[in-house]
Amino acid sequence: MRKDIFSSAILLAIAGVYYWVSTDIPTSTLEDEVGPRGLPVVLAILLAMVAVVIGTRAFMTAPVAGGAPEDVEAPWPRAMGMWLIGAAYIPAADFLGYWIALLLLISVVAFYEGMKFSWRSALVALGGATFFWLLFSVLLGVRVPEARLFG
Amino acid sequence: MRLFRKQFSALCAVAAIAVLAMPASAQNAPQKIPYPVKVVTLVTHSSPGAGSDVFLRELVRYLQKYVNATFIVENDEGGSGAKAVSRVASARPDGSMLYASSPTYILTSLLSKPANTYRDLEPMANFFTDSEVIYVRAESSIKTVKDLIDRAKTTRGRWGAANPGSLERQAAEQLKIAAKVNAAVVSHEGGGDMMINVLNGTLDMGVGEMEEIRAQYEAKKIRVIATFNGERIPALSDMPTVKESGYNVVLVKFRGIAGPKNLPPAITKIWDDVAQKILADPDYQKVYNAEHLSPHFIGHEQYGPFIAKFAADTGAYLKSTGVIR
Amino acid sequence: MEQFFTAVSMLFTTWVVPAALGGLIWGILGGATPGLSASITMALLLPFTYAMPPMPAIVMLATCYIGAEYGGSIPAILIRTPGTNASAATIMDGYEMNRQGRAGEALGLSLWSGVVGGLFGLAMLILLTEPLSRLALLFKPTTYFGLGILGLSVIASLSSKSLLKGLAAALVGLMISTIGTDPISGVSRFTFGAPDLLDGIAPLFVMVGLYAMTELMMRAGIMGNIIKPNASIRVRLPRLPMMKKVARSQAIGCGIGTVEGLMPGAGGTVAAFIAYNECKRWSKTPEEFGHGAPEGVAGPEAANNTVASASLIPLLSFGIPASNSGAVLLGGLLIHGLLPGPRLFEQNSDVVLGIYVGSFVADIAQVVVGAVILPLCVWLVNRPKPYRSAFILALILSGVYTVHMSLFDVGIVLASGMLGYFMKYFGYPFLPAVLGVVLGNLVESNYRRSLVLSGGDLGIFLEDPIAIGFFIAAALIMAGALLAEWRASRVRKAVSA
């Protein structure tokens, strides 16, 4: 139940920040009675209320011993690592271009997931990057990110 | 249109195909104007099939007829036009990359803080004004602008405009002020749901582009009672303007071409020339009249001040209503 | 009768069959690519149709829509990534079936339901365009508000474990939907000056982030396959007993899909979720839902495939697109100089007939095309896990970029993935958040629009009989969910006592 207390605190923070940013919405003469801030304010208040209820409930109920564990989950640092690889793709695509960024992405993820570097894995990454490039750039005619580094 | 805008954009090498399919009249075509580059990319922020895109693809057919270059239309949709503007603003100023300008790029510049704004582009030439009209459903007793205003005085008027931040909304609001009535102006998301609300009588009238409402117009499900254009629409010459009806509200939804800054005068001159020639082309006239586009040529010299004034007016309107600070 | 013979001769004398097959295959592939929704898949196809004669061009676009609505279910089932907005509802039971080693069965079910829904929608289009288009004219802002409330009420019955947490998730989803230009006054909300946010955050990005990105994070580095290896990569169409079992869900899906197809702006997503909820309610075994119930795949899939054809009714009869996909099709018609509306049926009857014939061909051909590509897809997802994760990530990041050609959107997907990770970690359900994002704008804008029309009088909602119907349905759903929750808590107490 500690998770619930923690999450209720996060929700309260979200509600607070959301409300605070909503004060920045300009008021306009084109507005209706509800106005652009109407719904955001209601949402912020409701979320705060729900958060408080979740939190107090968590305090009051005794911790349930050994809730049925869900599926096997990765420890959080490992999950964040996966996320960071995804995030690194954005600057990579911007600077190195689509094909190279994909090549890196596929190799790094495969390695991160436990595949040892080998000729085979290098070939898979090469083939994968080329396949996606053909699919998106050539077949679908998408203007994929171009390398700023070489441009 | 939000519906359209929500979609995506693609590079389309179709212009080349369109050229192959050009009518045989190209044989007796006039001498083509030489152009400094071989391939010209026209960038639009609208997605394939949407307003600006359809307009450009048609235009390209006739550009091809008069100019010795290949024209390609590319859709670059992200950020409500911000991406397309940035792309053209940072292109080499040699006439090889141009932007299909419409009020959208000014609105985006005013409503948000994009990397490049309309000030980073050089307005080159205007081709058309969209025909903005007031339309009512066929069964409606409203026949003139005066009827509309009288209705709004006696009952609570219900007027429709396509998008919240659109020029149509602006026109409706200004008409309200000019006529001193307190009608409810209901903005929608795209012309589609507004059309349904006009047809089922939820709204007294809608403000929209002739091009968008053509289907209902030709099927006689709706009537158009006046245009917000400065002059009457050539194809509908017996319909008055709103201004003629006694309310000084004029809406100019322009369609033209802009390029990167520091374009050499030789290139802007070519476009001044081309724009006039194309608008006079009889085949093209047939096409654009059928779509109720009003030809409205503005050359390079006046186009800059025109855009600046448009931006200033729109900015002032947005500030006065509090939409921006 | 004469029309029928013209239609048959069309099969052999025109380009309608190749166009329909081409559109279908393109649509399935595009729909199956996460990020490429039906409308984007069609927009990518549009340029290729410019040079064609009008009839095959329009047929190709219409069948592409059919293919894409079906194709979206493939990644939903196989990699927990909705290929299109509407397929998000299919994830719940489709992916669960996959985890149990029943991928072939789930894919066969969605294929079969796609065919049923497609044919039903087509029958509506051919036989009932006239009366249904009159029905479409009755929808007002109040009606849309009612529909939105009905959609939101589903949250109550689908937040399986904790109503409170479901509510919190829904509120966060609604908050995301308020980002962008305010629908009534046009001021910017929560955009921080970024032009990329002016049009709001596309629900699809949030869905791809929540489902696919989060799944990749949760399973990072875990070699044990959570998916039971599929004994066979064969895709099995349901046999007769199964067909009978899911027939009721499909009927529910078809009915809901038809109504939603008529409502501009609502689209297939709402239809799929409401259908899922109704299938669960009317099922003999509601407890199986969420644990691999075949009806949970059949209902939503029948619904969103019905929408693909039914949404052509307002488009062809008024020229009003009922969805983004409809808007692209409208663009296609305009580019070929065809003006949708009542006169299209008189002046360009060949195009209309072509759409009928082409859609029919595409609906039937789905089975054949599916039989060819589905085993390949199953084989692909059965590759070693490191490669599979790498390719899924590469696929979603590339697909999402395609929507606006913007790396900003890739960032939105990653942010949604992070949000999803925390939600999962703290035990908050995704579904209410997704519904919040999808419905927020619909509910808010139509509520406010209605009040502008009435001058602030709430009575306007009671003047619209269809809206009242939606409200009542919503109230019933919520009451049912509360009752179920109350019963469950009593059972728990009785057990612990």
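Here are a few things to note about the model shown:
Going by the order they are written in, the chains are A, B and C; count residues from 1 in each one.
FYI, a residue touches a chain if its C-beta (ideal position, glycine included) is under 8 Å from a C-beta of that chain, and two chains touch if they have at least 3 such contacts.
Owing to the predicted nature of the structure, the values given are computational and were not obtained by experimental measurement.
The chain pair with more C-beta contacts between its two chains, of A-B and A-C, is A-C. Chain C has its Cα centroid nearest to the centroid of all protein Cα atoms in the structure.
Rounded to whole angstrom units, the spacing between the C-alpha centres of chain B and chain C is 33. Rounded to whole angstrom units, the spacing between the C-alpha centres of chain A and chain B is 38. With each centre defined as the average position of its C-alpha atoms, the distance from chain A to chain C rounds to 22 Å.
Of all residues in chain A, those touching 2 or more other chains are 26-28, 30-31, 140-143, listed in ascending order. Within chain C, residues 44, 47, 182, 184-188, 402, 405, 452 each touch two or more of the remaining chains. Residues of chain B in contact with at least two other chains: 10, 12-13, 76, 164, 169, 185, 322-324. Those residues of chain A that touch chain C in the shared complex are 3-4, 6-7, 10-11, 14, 18, 21-22, 25-28, 30-36, 38-40, 43-44, 46-47, 50-51, 53-54, 57, 71-74, 76, 78-83, 85-87, 89-90, 93-94, 98, 102, 105-107, 109-115, 124-125, 128-129, 132, 136, 140-145.
Note for the complex: chain B touches chain A at residues 10-13, 74, 76, 164, 169, 173, 185, 320-325. Of all residues in chain A, those touching chain B in their complex are 26-31, 140-143. Touching chain C in their complex are the following residues of chain B: 1-10, 12-14, 17-18, 20-21, 47-50, 53-54, 57, 76-83, 108, 111-114, 156, 158, 163-166, 169, 184-190, 192-193, 195-197, 199-200, 202, 214-216, 218-219, 221, 322-324. Across the complex, chain B is touched by residues 39-40, 43-44, 46-48, 50-51, 136-141, 144, 181-188, 191, 193-199, 202, 264-265, 318-322, 324, 327-328, 330-332, 334-335, 339-343, 402-406, 408-409, 441, 445, 449, 452-453, 455 of chain C.
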